[in-house]
Structure formats: C-alpha cells, structure tokens
Amino acid sequence: MSRVLWINPIGTSKFDDAVRAELERVKRPDTEVEVRSLQRGPQHLEYHAYEAWVVPDLLTAVIEAEREGFDAAVIGCFYDTGLRAAREVATRIAVAAPCESALHIASTLGDSFSVLVGRRKWVPEMRDNVARYGYRDRLASFKVVDLGVHDFQVDPDLTRKRLVAAAREAVDSDGAEVVVLGCTIEYGFFSDLQAEIGAPVVDATVAPFKYAELLADLAGLGWRPSKVGGYATPPSGELEAFGLARQLATAASKEAATTSFGR
Amino acid sequence: MSRVLWINPIGTSKFDDAVRAELERVKRPDTEVEVRSLQRGPQHLEYHAYEAWVVPDLLTAVIEAEREGFDAAVIGCFYDTGLRAAREVATRIAVAAPCESALHIASTLGDSFSVLVGRRKWVPEMRDNVARYGYRDRLASFKVVDLGVHDFQVDPDLTRKRLVAAAREAVDSDGAEVVVLGCTIEYGFFSDLQAEIGAPVVDATVAPFKYAELLADLAGLGWRPSKVGGYATPPSGELEAFGLARQLATAASKEAATTSFGR
Amino acid sequence: MSRVLWINPIGTSKFDDAVRAELERVKRPDTEVEVRSLQRGPQHLEYHAYEAWVVPDLLTAVIEAEREGFDAAVIGCFYDTGLRAAREVATRIAVAAPCESALHIASTLGDSFSVLVGRRKWVPEMRDNVARYGYRDRLASFKVVDLGVHDFQVDPDLTRKRLVAAAREAVDSDGAEVVVLGCTIEYGFFSDLQAEIGAPVVDATVAPFKYAELLADLAGLGWRPSKVGGYATPPSGELEAFGLARQLATAASKEAATTSFGR
Amino acid sequence: MSRVLWINPIGTSKFDDAVRAELERVKRPDTEVEVRSLQRGPQHLEYHAYEAWVVPDLLTAVIEAEREGFDAAVIGCFYDTGLRAAREVATRIAVAAPCESALHIASTLGDSFSVLVGRRKWVPEMRDNVARYGYRDRLASFKVVDLGVHDFQVDPDLTRKRLVAAAREAVDSDGAEVVVLGCTIEYGFFSDLQAEIGAPVVDATVAPFKYAELLADLAGLGWRPSKVGGYATPPSGELEAFGLARQLATAASKEAATTSFGR
Amino acid sequence: MSRVLWINPIGTSKFDDAVRAELERVKRPDTEVEVRSLQRGPQHLEYHAYEAWVVPDLLTAVIEAEREGFDAAVIGCFYDTGLRAAREVATRIAVAAPCESALHIASTLGDSFSVLVGRRKWVPEMRDNVARYGYRDRLASFKVVDLGVHDFQVDPDLTRKRLVAAAREAVDSDGAEVVVLGCTIEYGFFSDLQAEIGAPVVDATVAPFKYAELLADLAGLGWRPSKVGGYATPPSGELEAFGLARQLATAASKEAATTSFGR
Amino acid sequence: MSRVLWINPIGTSKFDDAVRAELERVKRPDTEVEVRSLQRGPQHLEYHAYEAWVVPDLLTAVIEAEREGFDAAVIGCFYDTGLRAAREVATRIAVAAPCESALHIASTLGDSFSVLVGRRKWVPEMRDNVARYGYRDRLASFKVVDLGVHDFQVDPDLTRKRLVAAAREAVDSDGAEVVVLGCTIEYGFFSDLQAEIGAPVVDATVAPFKYAELLADLAGLGWRPSKVGGYATPPSGELEAFGLARQLATAASKEAATTSFGR
C-alpha cells in the first residue's frame, strides 16, 4: 500500500479534481491518491519566474507530505520544477516529476520521441532537462501546438485536433517512434491520440504518477536519494537559524493545517 | 495483478530458486513470479559469443511467455542481451532488462553512479549500453572485483568483502553517489552493502523485476514498444517461410512443453 | 559609464563590503559599483532548498535594479542561482553570473580547467551547469577543499594552503591548464594562487563582474536576451493578477524602500 | 596475398554470385575472394530477431574460415550483425563489417554523410551503430527509399531512381557531402550514382571488402583485436563443456564440410 | 586605456577603413583602435589553403603588435584562423577571434543560435569550431545566403534582403533565438537586422572587438593564456635556429617596417 | 600499383631514410614509396606556430605530388597538420594522416585506447582531433613520456623503457585495450612494445601509410574528397590572381625541381 500525493504547484485548485480523477483511473488498487495545490502563487508556470516563486511553497508541501506519512510526491509540472531541491529536503518520501518519468518510460518504448508543448517559450528549459536526463540523442523534435496551459482543457476538440496534427507530423516527418505530452494539463488525451496515430503517447500526468508508485516501492528497499553528495539534506538546526523552518510554517504548512491543502 | 517471468538466459537452472526467492521477497502482493532458464546453452554469458548463442532460445522463451499470458518478462543478464530483438518480437508482453532498469532507477537517486562488475572483459559492452541509454555523463566508473559469474555465490563473505571495498572506492574516490551491481548473480548483497557504505546500492535482480512490474502496468495503458519503427514485429508468414517458427518449436518451446521450461 | 549591481543572494550583508572592495579594485574607471544582499533568507546557498528560497527575492532585486537604472546585475553565487529567470524578467538590464562568466573566460585561457569547490555537495549542480554551458569536455576535475562558504575567509592562511594544494593537483595530475575558483566567497586569493602555481586562476567574483561590464556595453548595442523564446518576459498584467507584483512589493522591494537594500 | 571470405549471413545463396562479381572487380590483384552464405536461416536480416537467429551460424562460419586459413572475413550486413562477438571468437582472422568500414571511409571524404536505407525500421539500430562508431555528429540524415532487401535488385531502374532522388535530397537539403548506401544488397549502383549527383557514394559491399584487405594486412603486423578486455576469447575447454563446440559442429561446420558452405 | 589591433588577415587593405569606422562607433571611450591587413596573400579566406597561406604572416603581425605595445589583437576572420597558434606565440597580448567571441556572447542571449554564412563551403570548418567551443547543442542551423566575402558590401540592399530572409527562417523555422553573422565582412547590417526580426543579431566584427577589450582588461589581472600546456610558447632560441625569426623579419615585420602595416 | 609519398613536413631530411626503411618493410609488394621533407622550416612541429609555418610548403608538396602522379600522400605529423587544406587542394591524390588513420585502425582493435605522446604541450590539439574524429568516448588517456620529437631516436633503450612503462599503465590502470603511438618519430618500437605488453600498439608511421594505400585504391573507385562542400578546391584563376601559384612555385616546387625535394 502506498500513499501518493500529487502536487499541482500553482495557486489554484482548478485542475485538482480532474487530475485526481485521471490518477484514480490508473492507480494500483492499493494506492491512495491525494491531489493538492498551493495556497498562493501564479495560476500556471509557463514563466521561469513563476516557477521560482512557487518552489519554496512546493518544498514546504513536500516536507509536509513526508511528515504526514505519504510515500511519494509528484511535482505536477513538466519543467520538473524544484525536483533537485525536493529530493534534497526529502529524507524518506520519494519524489517523481513528469519529464524525468515520461522520458524514462518513452525510452523503453521506442528509439526516439517528440514532445508536444504548448508554447515555444517552454522549449529551452525542457530541452536542457532532456539533455540532463541523458536523452538529447533520442529527442526527435519539440512540436509547439500554440496553446497555453489554461487553454488545453477549454475546448477539448480543438486541443485534440492540434495534438493529433502535431503527433502525426512528429511520427511521419520527424522520425519519432513515441510521442510525449509536454504539460501535465494535457491530461485526458493520450488514449485517443495513440489510437489515432498508431504509436504510444506518454501522458505527463499518468507517467510520473505510475513512476511515483514505483519509487515508493523502491524507497522501501532503501533506494532513496543518496545523501553522500548533491542530495545531502540541510542540517535542521540551520533551517531554524535561518528562519526557513518558520517561513515554511507560516507560508505553507500551518496554513495548510487550518485550511487544508489543496481542495 | 501481474504475472512476471524472470528468464535466466543460460543453460542451467542453478540460480533459478535463489533468484525466485529474491523476487518473492520484493514483489508486490498481487504479482505472480516465475523463473525459468534455458534447456541448453552456456552456463554464463561472460562472452559475447555465449550471448549470441542464447538469444534465439531467449526470444523463443519471450514469445512463449507472451502466449502463456505473462504480462512481463525480464532478461536476466546485465548485458541486457537480446533486449532490442525481444521488444521487436513481443506484441503484448512487456520486456525489462537489468542495465536499463538499474540505470533509470539510479539516475533518480543521485548524480552519478559506479557499476561493480566481475571482469574487465564485461566493461566495453556494458559501457556501450550505458552510453546508448544516455548515462555516459553520469557514469563515475566501472569497478572490477575479479570474480566470475559463478564465483559470486560460492563464498559470500569474500564476495561481500570485495563488493564493499569496490563500492567504498567508488563513493570515496570516483565521486559515485549511487552504486549499481553489474551482474544479476550479485544478488543478495545490496542491503548489507548499502547499510555499510551509506549510499544506495541498486541490485541487478531486483531493479529490472520492479521495473517489469511497472512496465506491465503501463502496457495496460497501451504503452507498449512502438511498432512504427525499430520495434516493428516480423510478419508471421515470413517467420513460417524462413523456418524460424519451426526452429523455435524445435529448439525451445516444444522442448519446453515436454520437459517444462526452467526448473 | 556603467552602473553594475552585485547581489549577494543571501540574507546577510556580511560579505558586502569585502566584495565591493574587490570589485572597486578591478572595475573600469567609469564603472559604478554597488553591492547588495537580501533582507532575509539563509546565510549561504550550499543547499538547493536555500537557493530556492532566495530566488523570488533575488528576482525582485533584479527588477528593482532595472527600475533604478542599473546597467547590469551580477548574481553572486557560483551555482548561477536563478540566472534563467533573471534574464526572463529583465527587459533592459544585463545579468551576469559567476560560473557562466568564469568558464567563458577560462576557455580562452587554456584547453581544460578544474573548479575548486568547498564541498562535494556542490559538485552535481555545478557539473550540470558546466555541461549546459558547453564545457563538459573541457572540465579536468572538480577539487573539493572541504571548507564551507563561511569558512573561506575565517582563516585565510588555511584557505590559501588548501586552495594551493588543490590547484597544484589540478594542474599536475588532472591536466588542468586553468583553475577556476568555484565560490564567490573564495575572493581575495586568485592573485597569490596564480603566482604560486604558474597558471591562470579565474576568480568567481572578478570574472562575472568584468563580464557584467561587457554585457552592459553589449546591451547598448541591442544585444539583450532574446524575447522570442525561453527568455520571453511574463505579461505585466498577469504578474498583477497572480499577486506576484504585490508579493514582490511585500517581500522585497517595499521593504527595500524602507530599510534600504543590501547594506 | 590475402584470402578474404565474404559471408552473406542469410539462409540463401541468392546474392552470392553477384556479390562475388562485385568484389572480383574491386579486389587487389593478389587477393582471393570467396563468398558464402548460411545453410539455414532467414532470407534477409531486416528484423533484429532474424539477426539474432543467424549469429551463431555466422560465428561458426567465422571460426571455420579462420581454420581454413582465410585472412579476413566480412560480415555482409549493414547492421554489422555479430561484429563484436566475431572479433571475440577470432584469434587470427580479421573481421570487417559494412557500417564500420563505410563510415571510416566516408569520414575521410567529407564532413558529413547521409545513409540511404530501405526501411524506416532499420534506422534505430543503425543510428546506434553510427553513434557507437563515433559519427553521430557527422550524420546528416537517414533517407528511407521504401524498398526491402529483396527489392533492390528486382527492378534496377526503379532502385536507381529512388537512390538518386534520395541522394540528391541528402546532398542538397540535408547538407551531406558524402552518401553511404546502407544495405549490402544495394550493390551495383554506386558508380552511376556518384556520377549523377557529383559527390562520392560509398558502397556497402565494396567498402568493407576493401577494409578487410587492409585489416588482413594489419593483422600481419600484430594489429589484431586486443585480447586484454572486451574481445577476450572464450576458453576452449569451456566451449566444449557448454556443448557449443558440438553445436557449432552440428549446426554449421560439419554441414559445411559435406555440402560446401555457401553456394 | 587599451590599444586594440584588428587584423584583416588578407592581402588587401580594402576593408580596413570600413572596419575601423565600425569599431570606432562601438569602442569604449578610452580604447584606441587600429586596423591592419597583410602585405601579401589572398584577398579573402574562403578556402582553407588561403587560411594556411596567411597564418605565418598573421602570427608575425600578432608578435609585432605585442612588441608595439598593443593590449589585444583581433583575428578578423570567422574561421578564427590561427587562433591557437596566436595564443601560443603571444606572451602578453590578448587575442580574440570572431566565432569564439560571438558564440560566447550569443550563448548569454538565448538558448540557441543560427549562423548566417556566405557559402556552404564554409560550414564544415565552422561547425567544427562551434563544436570545439562547446556550442554544438546550441546550434540551430547554418543558413547559407550564397554570397562570397567580396559580395557582401557590393550591393548592401541585396545583402540585407538575403540576411533578413535567412535570419527570419532561422528564427521562425529552425528555432534560433539568436542570429550570428558568420563573416566579418557582413559588417554594418546587424542593427537593421535585429530591428527587423525582433531578435538579437550578433555581429562578427563588433563581437570579437568588444571581447578583445574585455580580454585586454583581464590580461591585466594575469588572466593570460596558460603556458603550462597547449599554449606554451616556442623557446626563442629555437625560433632563431630554425630561421623562423628571420623569416618573420623578411616575410612580414620588416616589410611592415618599410611600408607600414595595413593601410 | 600505387605510388605513395610520405612527407616529413619539417625542414630537415634527418628522418627520411629511417622512415623510408620502415615503410619499405610494411608496404604491399606493388606499392612504390617515396619520402620527402621540406626545403626549409622548423626541425619539428611541437609548436603550433611551427605547424603554421610549414603548411604552405606542405600544401605545395601535396600539389606537386599530385602533378607528379603519386596516388597518395601522407602528412607525417601526428597533429595531422594541414589535413583539411590538403584534401581541399587535392583533386586526384589521396591524403592520409597519422592521427586519423591510427584511430580508425585502433577502433577496430579494441574498445578504448591511450595515446603515448612526448610532451603535455601536444595534448590539447591532439585531444581536439580525437574529438573531431569521433573518438572522444574511446580515449582512455594521453600518457606523456617527457621526450621531445628529437629525443625518441637518440637513446632507443630509454625510449623503449619509457614507452613500455606508459603503455603498461595505460592498459593496467587507464583501461586502454589498444595503445597508439602519438608521434611519427616514435617509429621502430611498436613490435617490441606490443610483444611486451600483450596488446596491439598502433604505430604512427605504419598506420597512415597503410591507410594511404587503401585510400589510393579507393580513389580509383571515385571515392575522393567530396567537392560539394568543405573540400571544394580553390578556383585556379584565383590562385594566380592572388599570387599563390607563384608563391608555390618559388617557395617549394621550383626549388624542388632544382634541388630535388627531400633527400
């Protein structure tokens, strides 16, 4: 049995119910799912400054989740915002993120993949992540569908049409064998898409969630982020001294205690 | 519920029981484990010619497993012998392999890793695989412990001693944050090892098995090897025409039918 | 004439005077230097969570500096913390950072370089940056001198001794032709060091400052971060709507108005 | 004087005469050419499972050739099927393969090259080989002409037309300076092709054959595959014990003795 | 105050005045600019043999400049012709070159860049340089405008039109965020160009000149090419013994003395 | 029958006889060997400025050789000095060079190699070449034996001792499976060396010579450097106009006519 927390690292609970519904559909029978978003902050993370503004609260949410006994947390943004720091502050809880998980999975399904993103703006940071994760040579292309995060679910038919067109081009012209959806809010389309194009389409919501279930299992074997180097956790005394523990308390966990995180 | 078949791709059932015991210990409650080895062939795969000689029977075993309704098969050799061809011939069953799985997992646990292998002989092919999987820049080192496949379980104290020494050097001198055991027959040591060195030690038997459980789940979502390119499956008529179907029948599956595969 | 702001992105002004003194020594005659630190936050950024916690205030400081008419800002941490987001929110001001600047310079001085860091902990993020900047093949080694950020200036003789020893090893054993100091608080040592080892030693404080002077000049030619892609600036209306403008006001700039930023 | 054996690693002698004719045309005066195919197995190797099925017999053929006093053997498939294992089992005979040889040669003729293949299916394994051989950055493109192995020689005019069109596009649009034919059965076209497009076209049959002549010479200088690591040869006793020597005898060499290998 | 020498490494002073005018416009107030060309040699360097023929005289010019007290020299060809050797023979003077400088600058302005060159011929050597400098993964494309070095300034409207078209395609279709002009004789266009396409356009004349100003400053801090390895300077006795010092005298500097270098 | 010219690109014929003797020993029966050096210039090419100074005369020698009907020329320096320009000016003659040839050969003999060089000074340019040729990931190490070009043949016992020690370390500690001698003047040692260390040792004189024989054969098939891009040959009219043809005549070929080139 695993308890997995999905964190939408944005200041709106707008997508929480839909994401939870998706995850309930694909979870193992004995996994318990919870979805939370932040108490404040931007409504999407298309800009890197927005990412920056949510990371402190995101880290608080991860620490909080660890204290509450969750086995894994998922960072719900395809930029994998704050993943390094989250694995640093976590001492027991597993942390998964969409890009890393989706690429690991995609790499077992085909030689090369394309990522379908909303805006050209997103490409540079994502391409850096693709490279950092080791998949630069497997990247067939980024395809931009010209939709913002908040557009994907507004007119599903339009979104589907654009995703299908982009996926087809990826497979037919760019040599992709696998398609990866490059935003967690592109949820709900992958099944139709892969039926239509005849190639696997890895979903940015399902992939990290299933990976989180795996990582939670593995944490039980002692396979948790190594603390000998980059993921070494800050000394707790220092957190106090720097007022960060208090900030955490104020900014996120205490609020969470009174208002209940997310929904 | 998933049924996972572990294949020791060697002509001896010597390690089957021990591997099964390891897997039983780490499987999900609702996973069913079976372990098989081949009816013929070399007793280990340290040489690439030996790998070559077992792949036809290994592929037969994978096809057989698919027909028997297994959800996933694991290729039990850290060379990931025959992985590409296995994903090609499989149409429904998921296929996992040690090196790929272990590196995916290790990459979520730390910045860089060392692989503990038995012989220098093994390094070139494994290093090529590390590079193909995208992890060349994460590879801290290969450490050779000078033990053959059949030596690892003969004197567990000696093996443990050598593995600890090599792992220590990897972490202290080579900058590894994670240690990967580079042979499936190095089973049974990872828990002690990671306790002793204070860094995660990814086991070559447990890692692909847990990954196989994941891939089996994902196959249910339609995330199976893409058939638009490199993993396209041979046309069945051609298999007949070339006599490969019959060869399969003779060489492996029919034998398997009479003598029972594996144990 | 250029006005350059050095930002120590930590919640202490402890190093401000010394850094200013260093910069005054190396600035062009017509450059105006100012050094600021943050009103709150951790005293150093060795942990990635600390980095995360300071970035919002750091971005506020950059925006603030742009409004105040500075031509360039330097992010005073060798992790190049928040560089991508800073170039995103900046529309006119140039932003430089230590690792990027130091490596650009080092690459003109020799074939390969070593980076002298305080802790092993720092290596993974820095190595990722080295790779992102394109210098992975030029990296001879990271050398760890086992000193924390706050240790470097406590006992200068000890620090010098350790830096000399590490630099020597880098040049003599690791093949480095150039040495890079991997922390801005390693200031004050490079001249002695390079005299002693007979190879250039690039300082993490001087390098980005001189680079900032260059980038300020170039901005005058219209060579500012491209807004067609990854560095596109958030729409100001959205900043308002998301309460980030206000958060900025509260967290940083307004405070800064009353208490004076930095010193 | 060198004796070179070309092995068509497929269960048909259909192409043997034509290949021999090609090689006779380009061989050094004092080279002796022989062409053989296998006694059984698939008629082409477009599928990786087919590759797998032929490798044991291919290795047998190489060992056999070494015993018969050949100086070099060529593996007649652009996947370079079994090359690593062939160099492992060989102790005296040199082994060449089309992709490796063609890329070495192409790299001396121009900055970048395109490979003309029959099917998209072939690309992933070949691209992995291109990368392993070090030429990923020199690869301009793979061009797919939509012809199977057995189609190339059926309607030479159609084949020529498609190859010319693909080669033109490679040179004019993809930036290729050199064209490489990515299948040994694309023999007979390179001269016309290079005359027509005005750039060198490296043939997959001629290239490895000429390279084999070179490697045979070099073997005479002691430049044979290094036995200190990955190419270490299996101990002969072990081959006996594992029944592989006998399998060899049955599967290939004895048959070869009675029926004469190849034609 | 810095004295910077721009060297047009060709046997014509045709472009000297125009280049000087460009540099005067962008130099720091206290920089002194001089422009020289060679006494003999080809009129452009599109061919690598031409590059080869000018390097001895170019090196002589650099040594000469060092003796005359210049602080920096710029090699005025986007191939960065002779850069390695120039840094080798220089002991005090800083040496900058267009491609290296432009890419360093471009990399601070955006994720990826395209280089606008005159001829396809130029691409291979330039791409090798891009790779050597570490920017292969940042290279969006080379765009060929089909103009020779001597064509760029003949019909500025035609040149502008072609550069705009190529730059637009680079930004709109190839994903470039920054455009780099790949020939020093493409001077005079970058301001218009960047206004028109809305993305920074790095000029091959301005970039290395501004970089030279920086490098001159840095040389004052002791940051000169490292002499412990690849940039070690030939022993002066040897230069005499080999007659190179005399050749220098004859071929270039003495001539320069009588006829005055450059203009 | 092939006529191959070995060019020692230095201003001394000191090594010509010994090199010719080596080549005579390894040539094909029907190959004709000639060895030449330059009429002027430095006695070795350890410095890049020396390389620069000889390239014009080297190119003249290549053009001359083409006119005289040689089938191939070898550039006798492991820096592969002037190789790009030589292939540019050549229209019929094949050009080989030591580093490129030796690495192509070494890559067929083992997974990784070490290069034994005289001075640390040589490493950066050679490492850049190794990377350009695609072998960076196959490079185990450079080993410096602290001997200059002119030292290698002075005390053969000392040289042999140092080379053996370095080769041993390469194989035993650095993981090299193959050793490459990184200077043409390290001739005469490879046979003893490989006997002693038990791994192939690729000689920098023999390797490019044998490769030249191959390339000469291939040129006969039309496989000559592609003239569609980087190797396009300068128009002959332009050579006249720029006075380079005359320079050639003066500097090298005419002199050669009267004094006989080389010996």
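Residue numbering begins at 1 within each chain, and the chains themselves are lettered A, B, C, D, E and F in the order written.
Please note the rule applied: a contact is a pair of C-beta atoms (placed from the backbone, for glycine too) under 8 Å apart; a residue touches a chain by one contact, two chains touch by 3 or more.
What you are looking at is a predicted structure, and each value in this text was computed from that prediction instead of being measured.
Student: Look at both sides of the subunit D and subunit E contact and report whether the same residue positions are involved, with over half shared, or different ones.
Tutor: At the contact between subunit D and subunit E, which are copies of one sequence, the residues are largely different (under half shared).
Student: In terms of CA centroid distance, which chain is the most far removed from subunit B?
Tutor: E
Student: Could you state the distance in Å from the CA-based centre of subunit D to that of subunit F?
Tutor: Measuring from centre to centre gives 29 Å for this pair.
Student: Using Cα averages as centroids, what's the distance between subunit B and subunit E in whole Å?
Tutor: That pair's centroid distance is 54 Å.
Student: So, what's the distance in Å between the C-alpha centres of subunit C and subunit B?
Tutor: Averaging C-alpha atoms per chain gives centres 45 Å apart.
Student: For subunit D, give me the residues that contact two or more of the other chains.
Tutor: Correct list: 110-111, 120, 123-124, 128, 131, 136-137, 175, 177, 228-230.
Student: Provide the full list of chain pairs in touch.
Tutor: The set of touching chain pairs is A-B, A-C, A-D, A-E, B-C, B-D, B-F, C-E, C-F, D-E, D-F, E-F.
Student: Write out the stretch or stretches of subunit A touching subunit C in their complex.
Tutor: Listed in rising order, the residues of subunit A that touch subunit C are 11, 40-43, 47-53, 55-56, 59, 82, 84-85, 88-89, 120-121, 123-125, 128, 131-132, 228-230, 232-234, 238, 241-244, 247.
Student: What residues on subunit C touch subunit E, complex-wise?
Tutor: Touch list, subunit C to subunit E: 26, 28-30, 96, 100, 104-105, 107-111, 133-138, 171, 175, 177-178, 190-191, 194-195, 198-200, 202, 206, 210-211, 213-215, 217-218, 221-231.
Student: Over in the complex, which subunit E residues touch subunit A? Could you list them?
Tutor: Those in contact with subunit A are residues 110-112, 137, 175, 177.
Student: If you look only at subunit E, which of its residues touch subunit D in the complex?
Tutor: Checking each residue of subunit E against subunit D gives 120, 123-124, 127-128, 131, 136, 142.
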